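After this come two complexes, each holding chain A, first together with chain B and then together with chain C.
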Partner chain A sequence: MATLREWIFTTDHKKVGILYLIGSIAAFGVAGIMALLMRAELSAPGPTLTDNPTDYNVWLYFHGAAMILGFQIPALTGFLANFLVPLQIGAKDVAFPRLNALSVWLFYAGIILALMTFIIPDPPDVMWTGYPPYSEISVGNTAFYSFTVLLLGFASILGGVNFLTTITFMRAPGLGWNKLNIFTWSTFAAFILQLIFVPVLGTAVTMIMFDKYLGTHFFTPDQGGDVLIYQNLFWFYSHPAVYVILLPFIGIVFDIVATFARNRVFNYKMVVYGGMGGIVLLAGEVWIHHLYVTGMPDWLRVGQMVTTLLISVPVGLLFIGLVGTLYKGSIELKTPMLYAVSVIFLMLIGGLTGIPLAMTALDIHVSDSYFIVGHFHYVMAVSGTFAIFGGVYYLYPKMTGRMYNETIGKISFWISFVGVNIIFFPMMMAGLAGMPRRYWDYSQFEGLEGYHQIMSVGAALIGIGFFLALINWIQALFTGEKAPDNPWGSRSLEWTTTSPPGHGNWPEIPKIAPEWHPYGYGEDAPDPVGGGSLSPAAARERER
Partner chain B sequence: MFDRIKARACGLGGLAVGALATLPAWAGYERIPGEVDTARGWEELWHEVMVDITIIGIIFAAVTFWFLFRYRRRSPEEEGRQPRLSPMAAIGWAIIPAFAFMADDFFLAAKGWSLWNDYRTVPEDRLEIQLESAMWTWDYTYPNGVRTFNELRVPAGKPILLRMTSRDTIHSHWIPDFRVKEDSMPGRTTYLWFQPKEVGEHVVTCAEYCGHLHSRMTGKLIVMAPEEFDQWYNEAATRIQTASSEQKGGA
Partner chain C sequence: MSSDTTAAHGHAEEVSVWPLVISAGILFALPFAFALQFVYHNGLMAALSLGLGVPMIVLGIVGWTREAIGTAGPAEGLTPPAMGWFILAEALIFLSFFATYWVLRLSSPAWPPEGTPEMPILLPAIMTVVLVSSSFTIHWAEERAEKGDRNGFLKWLLISMGLGVAFLAMSATEWSHLIHEGFVPGSNVYSTSFFSITGFHGAHVVVGLGIFVAMLIPALRGTLSDGLIRSGSMYWHFVDIIWLFVVSQVYYW
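After this line comes the complex of A and B, so read on.
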């Protein structure tokens, strides 16, 4: 029992990170089952699994809310940030360890509240966006939605304060800003966005509760309110939230690609200041593109078309950095690298289909259709999830001290990679052909059945692929080979400690030599901890 | 000396790219005089953008595949040999692609803007129909007081303007075949217009989530020959008048 106590009262950033991972994978599992239920319902026209559309609407609500708020954001800014950032900056822990523990338990409270969707009568059916007036007139229990968002939001704000402080003040001596890993930079950028914008979302969902339960009229037009205020507030947070997901997942992909190509990150400063900085600067000026067909003023819809299109500049720079990092590398396609490289292709499809969507006039046809759903699954949902899975594989030896099974890892990757393309590419085509989103049935439309059946097959494949990955992780906990300290031959700081790292990470805080760089491959740089050399040959020597 | 020449060359290159970046922005303002057809305009622009993004996508994907193949690891101890970038090269690799992307963005923005103007400028000779949406029906009212539910009858060859509002929650009136959609909501009036050309039937469907029967909120757009439409329109109007006069007579 002592160990359970240890986990519950832990303030160790690595344990907190693993707790975040377990919680977010649980949310991912349940939300994934919802997706499978939906695809089963849509595998044939007419009622299939249920003849009550509200059941379907509740599944869809839970899928969206849990995947974004319960899985992706916590897995990236909770698990990866907690586990990796202190190790990458050479700190013993985060700046406020107890605040960190509070944040993870708030997150668990949010997840449990979200899961209660399935036991309360009249569960929320308001979609993850919760637009009024529907969320205010629905018989579904909107309060559960609002409180879930508020709890997860608080958890995130605490994390933001913690990590901005940690990265600013707790870097090991000699570790300058230009020697930070790209992932640490991306966490820094994501938490800046989170701190600025989360309060806006909190305000919006609180106003909904006030309207519905306390009789205020923020969003009721016949009493002087306005329904569009909510959408503006919501997307003023939720578009930057897309970058809160995108930045860390691109960050971890950069770290994985640099490690498995054993190569310098191409044009580091362009990636950090141009790519990530550019996204942070533009994130708050593009939210109207979610309101292109809502009757917002015409000039605003055109103005934000330009800002939205300009997002392609920093994202393009990130792409050049990512692809450039492969140039003259020494590339080995192990499982984490497969996931990371696949993100380049998935992001290409997702990002480029965002360009017509950014154009107000073109968006008029495809807005709120399956095209949008396909687009954001490519660019955010699937890319983000593949990056997270790649990250878990990448850090698995460091987290557990054991190696996962490479063969199962590769098989499960290929099954899910084929699956996502089978589901989300036809999804975009169905949208173009006139399939609106959030439909429980499509028997009134002609010629869409084929698309839906292909998509359902894809969903089954994804289910199998991710389930295999999960099995692999659990099995390797018990039967995996013992992992060396630096199985990938990385130069980065987190691989200089033991696997798994003890409390405090290093016996002493590492001293960073001026010639050391996390991506300084191809040079004979000194080891910041052991005093020896960091080249793979030297590392191999030390293992013996 | 050599450095100075290199710096000047880079500066000139940057200027040239800057000029190129702004040039295409002006190319978008070609407006074909005569009849405006937003659905056809949408098709053409969509096609153009698809070509544009496919080219960019193929370039990136091909380079990635080539690198993955060309620079695969050959011995377990091999490390990458990427050369360090000189400050000038580093800046160039940031500025030049940024301007290239921006050039494409402005080019597309100009084209998109001009189509957007067509979408929002309604021709004068239009037929104006009021739409009030409700959970889960479309309720149309014609200028002469005729009302229809879930069935929008219009004459071919005349621009149709819908002025929309909603009784309860937000709905979105989508006619996929005409590439047009706009939300309707309580407390605000929105509009959309389209130009039916040929006689036929089209699907109208709700694109904004509106609760339990959202997926059953489907209607029909019936484009009729102008004479047939006039006949139906006048008969329906007469029916209303008789009905209301009968009501008055009864009272």
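After this line comes the complex of A and C, so read on.
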């Protein structure tokens, strides 16, 4: 084991990736506890856990902000991208290792700032959206909200600069663009989105801070400012942020599905150029659908409805690719595969409920209801989280050199899978029955108690499921069996090195055989590393 | 102290303390100092936090630069494309400010809004000339560096730095003049946009000058780092182009 000093001051992409994982799982844990607190509060009408609505607002703030900015984006574009991309492109490290270390520590600075919510007086209570005018008149510390966003955003931008350069220039000799893993492609696409859109969010939250603390008038209507500008800037980032999450999580799901179905990725070029390329092109043209009810001319609503519906086409291409990869595959339902397949299912529910939401006529009625909350939890929150968990299980042997416990893995999967459906399906029904979002007390509404009680049970189940997964990972660190270099029999490049890979990943940069493909499953599939220079791992495998 | 290698897994482990130092410095210098001053109104603690954070950032950048000079890896040639991606992100910051400004201005019942003094006309023109010429001088510096002419490079780099400093000085004069006339960030929507946009642009000039210093130090010692020079010059051209938008949209429109 490396010393503590080597971990803290490391510039190695694998260690940086694992540091991202630890930080984002910590954020996930605390944000998950906030969700449990909210569900406990809502388990009965009237005040239950607390008499102070601001407490509920603070939980809601932390749950949203930390889950999206502290958990999902860092886990996908921080942990998975860092650990996996250099291994998948056959590079010794990223282009700028020190910059990478700066990214991860800026991310930790953001996490620390977010966690200080619980110890500072007047914590931020502005949801993850920070809408003015409330965020500018609340007594809460909006500055910490803004700076959390800025630090995490800056970490993302540095990561984007690093990874786009790495993927473009540091691929192993012979590894053409059409031989990249889907996950590497998805990282490339996600970071292009981050570079374009994160600065806009950063600017928006900076303006909030200027308004509140330096007296400027960007969003103060009585002085000629306009709150709608904030909503536009915010969603100009935050809608594409959904794709920043979606692209890498669908990317890792593709890799897991291809590995455990022993099958090529169905229509690789359609998935990459049509699916991912289409999402990148359309991502910036749909944000106004978050503003349907805040007032806009009808022609703009119709235009936004069309672009929003249009984005279901590239997403549909990704689905076709996933299902086509499963078709006639030789499927093995190990824990990572269970998570990956469940993502297809959960995202289908989330995606299909999203299509009616794109329609202005329906959206105006269910806006700000639990239907929206249920929809985005299915399509982004739960699908993304399940993909991240699947990814951690998938890479666990490569990261640690040990195997996790398959039985506990499957049990924890099924508990959380049942849990998420028990909470989020009734949540959509409660929304249609009239439950508005963000309320801490629903005693003024009739007949919603049943839904809320079912949801609270589901929340408890998810808590247990995820806690079991965490226990599994920690326990396997010490007691897990030693993992082979390629436990899943994958064709992909990252499995040709040792588990865990040493510094520099391979003794020398692998040379890629011309006929190799990361998804080339079949009888006569060639080794990734051609030209007689077998990696030590592959050579050892061969001797057996 | 900075960079050393340890044998582990049979490979050299590379470590660097500076990323952590810079991140911690940023945490103290920005969020903590800002919140202590403006949210909790504790000026003393804010000053302490700033006094802790800023030296950490400076120390971190100095240590990082020294470490990087010794160990120019494969990344050296990749700095310019990386700078290109970074400039894309930077451009979007300015686009957001400009978009906000345009919306505020076009939806305003009267322009300029009440409380706006007479804006200077001559000074921004001089500032434009100064900044545009610095783009030429840094280009010439880059050309000299490509030919390996260290003295020529140093000469044009120093001239560019002088022009940059002159620009900042004029900008500061103008700000203080306007503030004396009672035109402060909180005056109206025009002052809000004016001070944010020129302020952010000025901050970029400062960063550009910082990159120039990072180019200057190794050059004085006798090494010309090609990737850094090319990307620093790219960044400066970008700052220059943004100024053309600032001057045309915020001053003369």
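Methods note: the second predicted complex is superposed on the first by the 524 of 544 C-alpha atoms of A that agree within 3 Å, B and C clash if a C-alpha of one lies under 4 Å from a C-alpha of the other, contacts with A are read in each partner's own complex, and residues count from 1 in each chain.
Here is the rule we use: a contact is a pair of C-beta atoms (placed from the backbone, for glycine too) under 8 Å apart; a residue touches a chain by one contact, two chains touch by 3 or more.
Source: prediction; values computed, not measured.
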> With chain A superposed, do chain B and chain C clash or fit?
Replying inline: fit
> Once the shared chain is lined up, is A:A361 touching chain B (first), chain C (second), both, or neither of them?
Replying inline: first
> Which partner does A:L300 contact after superposing on A: first (chain B), second (chain C), both, neither?
Replying inline: neither
>> On the A-aligned overlay, A:L214 touches which partner chain: chain B = first, chain C = second, or both, or neither?
In response: second
> Given the touch rule stated above, what does A:A101 touch, chain B (first), chain C (second), both, or neither?
Replying inline: second
> Thinking of the overlay built on chain A, is A:E332 touched by chain B (first), by chain C (second), by both, or by neither?
Replying inline: first
> To the nearest 10 degrees, what angle do the lines from the C-alpha centre of chain A to those of chain B and chain C enclose?
Replying inline: 100
> Does chain C touch more residues of chain A than chain B does, or is it the other way round?
Replying inline: B
> Just chain B (first), just chain C (second), both, or neither: which does A:D226 touch?
Replying inline: both
> Which holds for A:T165: it touches chain B only (first), chain C only (second), both, or neither?
Replying inline: second
> A:N141 contacts which: chain B (first), chain C (second), both, neither?
Replying inline: second
>> Quick check: superposed on A, how many Å separate the nearest Cα atoms of chain B and chain C?
In response: 11
> Touching chain B and also chain C: which chain A residues?
Replying inline: 225-226
>> Help me check something: in the complex, which residues belonging to chain A touch chain B?
In response: 53-54, 57, 125, 127, 131, 133-134, 137-138, 221-222, 225-228, 261-264, 266-267, 269-270, 274, 293-295, 298, 301-302, 305-306, 309-310, 312-313, 316-317, 319-320, 323-333, 341, 344-345, 348-349, 352-353, 355-356, 359-362, 364-365, 367-369, 433-434, 436-442, 444-445, 489, 521-522, 535-537, 540
> How about chain A: which of its residues touch chain C in the complex?
Replying inline: 2-3, 5-6, 8-12, 95-99, 101-102, 104-106, 108-109, 112-113, 120-122, 141, 143-144, 147-148, 150-151, 157, 160-162, 164-165, 168-170, 195-200, 202-204, 207, 209-210, 213-218, 223-226, 229, 233, 502-504
> What part of chain B is in contact with chain A in the complex they form?
Replying inline: 41-42, 45-46, 49-50, 52-54, 56-57, 60-61, 63-64, 67-68, 71-74, 76-85, 90, 93-94, 97-98, 101-102, 104-106, 108-109, 111-113, 115-116, 118-120, 168-170, 172, 174, 176-177, 179-183, 185-190, 203, 205-216, 218
> Contact residues on chain C for chain A in the complex?
Replying inline: 6, 8-20, 22-24, 26-27, 30-31, 34-35, 38-40, 64, 67-68, 74-75, 78, 81-82, 85-86, 88-90, 92-93, 95-97, 99-100, 103-104, 107-108, 113, 184-186, 188-189, 191-192, 195-196
